[in-house]
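Heads up, the next two complexes both have subunit A, just with different partners, subunit B and then subunit C.
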Partner chain A sequence: MDWLNILSNSASSIISPATMAYALAALGLAVHFGYAGLLNMGVAGFMALGAYGYAISILTFGFPWWLAMLVGLVASAGFAFVLGIPTLRLRGDYLAIVTIAAAEVVRLLFLTTAFDPVTGSADGLSGYHGSFRDANPLPDGNYGFGPWVYSSDQWWVRIVGVIALALAVVLVWRLMASPWGRVLKGIREDEDAVRALGKNVFSYKMQALVLGGVIAGAGGIVYALPSAVNSGVYVTSLTFFVYTALLLGGAATVFGPLIGSLIFWVLQTLLSNLLPAMVQAGILPFMSQIQAGTLRFILVGVALMLLVVFRPQGIFGNKKELTFVR
Partner chain B sequence: MTITRSALARRVPRTIGVLLALFTAAFAVILMTVSPASAAPSADGDPYRVSGNVQLDGEPLEGVRLTIDGPGGLQEVVTDANGQWKVGVPEKNETYVVTLDEETLPAGIAVVDPEDDTPNVKEAEVGQGGRVTVNFFIGEGERHVTSFFDQFVQRSVTGISFGLMLALAAVGLTLVYGTTAIANFAHAEMVTFGPIVVGAVAAAATAAMPIEAALAVAIVIAIVLSAGLGLFLDVVIWRPLRRRRVGVVQLMIVSIGLSLTMRYLFQFFIGGGTTQLPFAAMEKIPLFGVVQMSWIDIASIVISIVVIVAFALWLSYSRVGKATRAISDNSPLAAASGIDVDAVVRVVWVLAGAMAGLAGILYAYYRPGLKWDMGTQVLLLMFAAVTLGGLGTAFGALIGSIIVGLLVELSTLWIPADLKFAGALFILIVILLFRPQGILGRRERIG
Partner chain C sequence: MSGNAPGKKKPTASRKKAAVAEAPRPSAPKQREKSTGLHIGEAAPGVAKVDPIIVADGVRRTFGGLTAVDVEHVEIPRGAITALIGPNGAGKTTLFNLLTGFDKPDAGSWVFDGSSLSGVPAFKVSRMGQVRTFQLTKALGLLTVVENMKLGAKGQKGEKFWHSLVPALWRAQDDEIEERAMRLLTKFKLDAKADDFAASLSGGQRKLLEMARALMSEPQLVMLDEPMAGVNPALTQSLLDHILDLKDEGMTVLFVEHDMHMVRHIADWVIVMAEGRVVAEGDPVTVMKNPAVVDAYLGAHQDVDLGVVTGRYGDGKAGAGVTAAQIEAEGRAELEDEEK
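What follows is the complex of A and B.
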């Protein structure tokens, strides 16, 4: 087994755009699920709107990259808004069903051949990098050390990703420490009590839904920055994986989603390199390399079950702060 | 940038009315005014290709619609400016039926072939190379069109058949929800489990007996094992969690984890491809009008109806059925009046498992094909059916399923076939706007 290669790949995923995208999506979900108690099952839809909003704005309308990002964020915000109106007055499971259905509708709209000239249907979209890479201040060449050697374009993606993540973390951290955040947590614990204090619960929930949606949309954009957008990515499983990352770190925390995504992706990369190598070396008998590749998704499912039953607060969470009261 | 966005978000609710109207209108417009405009490269990124060229006397015809049916489902494609079209298909060594919609040809032009009664329908086999070309003889002549009414009848029959199949699965889902408050995402995998067992047992048993008997044995074994799976999951996972008094949301996320685990376990054992069950490609016999069905289709409808009626009688009149409804209504009260909740819930899981397995087998013939994630493909439609009928009400799930089945099939009369699930889910969202408790649900449950 090529341990050096396996470990180097795993270490490389620490600052991969996918990790940052998951961290942003999980942070948005933390606002929804962890702080406001909103059971959003449509994270994939928010990410898809961010990513497609960005790519379509550049390819079809010729927007510059920063304006295209703005379009992606506005699209996610609009999606949150539309979903919130019918569901936020209803019980939690309705929001879950509507968001999961709406995310699937969004994916199918991007997949259908009817809008192929704009969405690229099943082939997805690519080749929208020109304007973004032109704005790259780094001179050409490869930088970095050890497993983290990237070209200047790859670094530019990571830098923008880190900046977006840092902005989102600071924003969520300050907001949750503010009176606004306390009201939100109050709604999570006891909606009626907060209503009795004269707060407009619907409005607060809506603001949380839009804020979290925008952050998840930013995750979608970062996911789309390095290479391409494809509707096959934004399936319901993506939502579940983001939930796993979030619950791993801790749902009602600011740094939990970050650490959770980090662990999720490092482990995923490690297993996707390690398991097939182990089959090749004859350590894991009775399975092919393809089966070994499937094994890590089985482990994700098992991990999610164990996590939510035995440590629902995650690694960093506080057991007193749980969305799971009801 | 993000900071100003959140400031904006705080002001946003004041303009709810205007924006609601705008967004719903935009959403509706997107769904309604779909006008296919170019050749589609592929669907789902499938590896194999069916393609062709539509020309009249060497001149390319643009905007001609073709439908391609076969493993992987119905696809629709429109020719581009060069008269060319292509679609991606998931399987090779399979036969696909390509139908050219003569309505989309210029006036006075049709597909002509004196030796063929339906020259606009062709079968194409995707061979080892994974590519096949299908061309039509086009010239002046009479068209072979299916009238709107005929299409409507045809799709309605398919829709009811699909709806009944959906109902078999959805009834179990809603009963589990009603009695244990679990929104069970792993129900999709209970649906997939049935046909997987049929595939495995039928393959093993064909060596020992004729294929018809092997299939019958396999289906019986599959339903028994599916029931066993329901029991197993209740005993191993759900009852211990009930004992721990794990919350509703936690239960839902556990079911998501279970769903992922089981789905990828299936992929681990049967791989990522589609396989066919015995008799999947049976000849269709004309019944009445334009409606054609194979014996498998007819058997599927009859089986669904018989099982659903038997289930409805059981739920309405038997002691355990009444106890089930009592628990759905008010679990603590039912327990207080001497009903053994754990025993009834166990029966519910067994029934839900068996019916989901049966539904899965029928679905494997409806698609057609058996695939590791086939249950997940209809999970949202099941949830839609259950919500539409009213969460936790068994008869609501039945009505909801048939509505969803009809919606899915009939919507293809107006919207592209690859958006038919999207259309049904969109209508679910719209209905929740106006009647959140569903058709048979009661107001107090939604609060």
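What follows is the complex of A and C.
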């Protein structure tokens, strides 16, 4: 087994755009689920709208990269708003059902051939990097050390990703430390009690849904920055992966989603390199290399179940701050 | 969770002040004067009040075939303590829900302090100065006790999305609110628990917290749904005192209670409901002699103390020497005294 290669790939994923994208999505979900108690099962839909909003704005409308990003964020915000109007007055479970279905509708709309000239249907979209890379202030060449050597364009993606993540973390942290965050946490605990205290619960839930949606949309944009957009990515299992990352770190924390995404991706990369190598080395004689590649997804599912059962508050969460069993 | 460990807590300046300001409470309960002359004419269901804070007309609420509330006319007197009594299922909680905007009636209208409340959402009702608590306590478990309290304050600048991002805009107000919260917590003897999660409180303490939290909004009318249910008998007296204090501070209180002893002790006016209707009204002494009341309410439980029925005195060891039988006997003696 090529241990050096396996470990280097895993270490590299620490600052991969995918990790940052997950961290953003998980942070958005923390606002929804961890702080406001909104069971959003359509994270993939928010990310898809961010990503497609960005790519389509550039390819179809010729927007500059920053305006395209704004379009992606606005699209996610609009999605949140539209989903919120009918569901936020209903019991919590309805939001889960509606979001999971709406996210699928979004994905299928991007997949169908009806809008092929705009969405690229099954092929997805690519080649929208010109404007973004032109804005790259770094001179050409490769930089970095050890496993973290990247071209200037790759660094540019990571820098923008880190900036987005930092902004989102500061925003969520400030909000949750404020009276606004207090109301939100109160709603998570018992919305009728908060209503009885004179707070417009619907409005707060809507604000939280839009805020978290925009942050998840930013995650979708960062996911799309380095290469391409394809509807096959924004499936429901993406939502569950983001949940895994969130629960790993702690749902009602600001840094939990970050650390959770990091652990998630380092482990994913490690397993996706390690398991096939183990098959090759004859350690897992009962499966093929391809089977070994999918084994990691089974392990993710098992990990998610174990987490919810044994450590629902995540690694960083306070045991009492978030539990599923009341 | 040990926020009340002495070395761990760091009370802010405002919290210390609040603790110092608190004078020791006199231990002997004093009988306070009842408000009288609240109604106009003969006390009967729907009787007009001299100064009503709530006037409800034709309020009806049905659940399928069941008419839970069917109140022709009722007025709640301002500045007094009104008890709403009636057997389980009489529609008391449903009436609370309707009056506070948590439920919508099939028909009817009601006016609070001069403005119509029909169709007004619950949060606006609360902002107008009419707050309620719930029969099933709603402590916000994973917020600390003091956070629970601060949530009750009205008109907070930091509760607006954009303002919340600039602490300079709301910090001063927030400190003020915290000071007020600590004062109230001290009064309710919950100050030692201020930094604990509300989930760690006992059932009775949660009732106290919910009431204190409602007071944070400085309401005109406080509606308490079974405030004494599940409260340790040792705490009941202080809870009754708190309710009497509310009246002294100029608030109006409407509360649901099953225990006649307590109703007699603190209520200025009693409204009796049965099967959704108001069947009797009057001052506590008169009402309890009313045959309609004995029929509808006392009849079923005459031999059992209602505190026992509602599970309040079930826990013998918490009673600090007071047993259900004792309280019951006391209640009967009092009843007999007044009948002479």
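One rule holds in what follows: the second predicted complex is superposed on the first by the 323 of 326 C-alpha atoms of A that agree within 3 Å, B and C clash if a C-alpha of one lies under 4 Å from a C-alpha of the other, contacts with A are read in each partner's own complex, and residues count from 1 in each chain.
The criterion applied here is as follows: contacts are C-beta pairs under 8 Å (C-beta built on N, C-alpha and C of every residue); 3 or more make two chains touch, one makes a residue touch a chain.
From a predicted model like this one, the values you see are computed outputs, not experimental measurements.
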item: Comparing the two partners subunit B and subunit C, which touches a greater set of residues in subunit A; value: B
item: Touching partner for A:Leu175 - first (subunit B), second (subunit C), both, neither; value: both
item: Which superposed partner A:Ile290 touches (first subunit B, second subunit C, both, neither); value: first
item: Touched partner set for A:Val183, first subunit B, second subunit C, both or neither; value: second
item: Which superposed partner A:Arg195 touches (first subunit B, second subunit C, both, neither); value: second
item: Touching partner for A:Gln207 - first (subunit B), second (subunit C), both, neither; value: both
item: Intersection of subunit A interface sets (partners subunit B, subunit C); value: 171, 175, 200, 207, 326
item: Subunit A-touching residues of subunit C, taken from the complex the two chains share; value: 1, 100, 102, 122-124, 126-127, 131-134, 138-143, 147-148, 150-152, 154, 156-161, 163-165, 167, 170, 174, 197, 199, 210, 213-214, 216-217
item: For the subunit A and subunit B complex, residues of the former touching the latter; value: 39, 70, 73, 77-78, 81-82, 85-87, 90-94, 96-98, 100-102, 104-105, 108-109, 111-117, 121-123, 164, 167-168, 171, 175, 200, 202-203, 206-207, 210-211, 214-215, 218, 230, 232, 236-237, 240, 243-244, 247, 287, 290-291, 294-295, 297-298, 300-309, 312, 323-326
item: Partner subunit C, residues of subunit A touching it in the complex; value: 171, 174-175, 178-183, 185-186, 188-190, 192-201, 207, 320-322, 326
item: Touching residues on subunit B, where the partner in the complex is subunit A; value: 1-3, 5-6, 9-10, 12-13, 16, 19-20, 23-24, 27, 30, 34-46, 75-78, 88, 183, 237, 241, 244, 246-250, 252-254, 256-265, 267-268, 271, 376, 380, 383-384, 387, 391, 415-416, 418-419, 421-422, 425-426, 428-429, 432-433, 436, 445-447
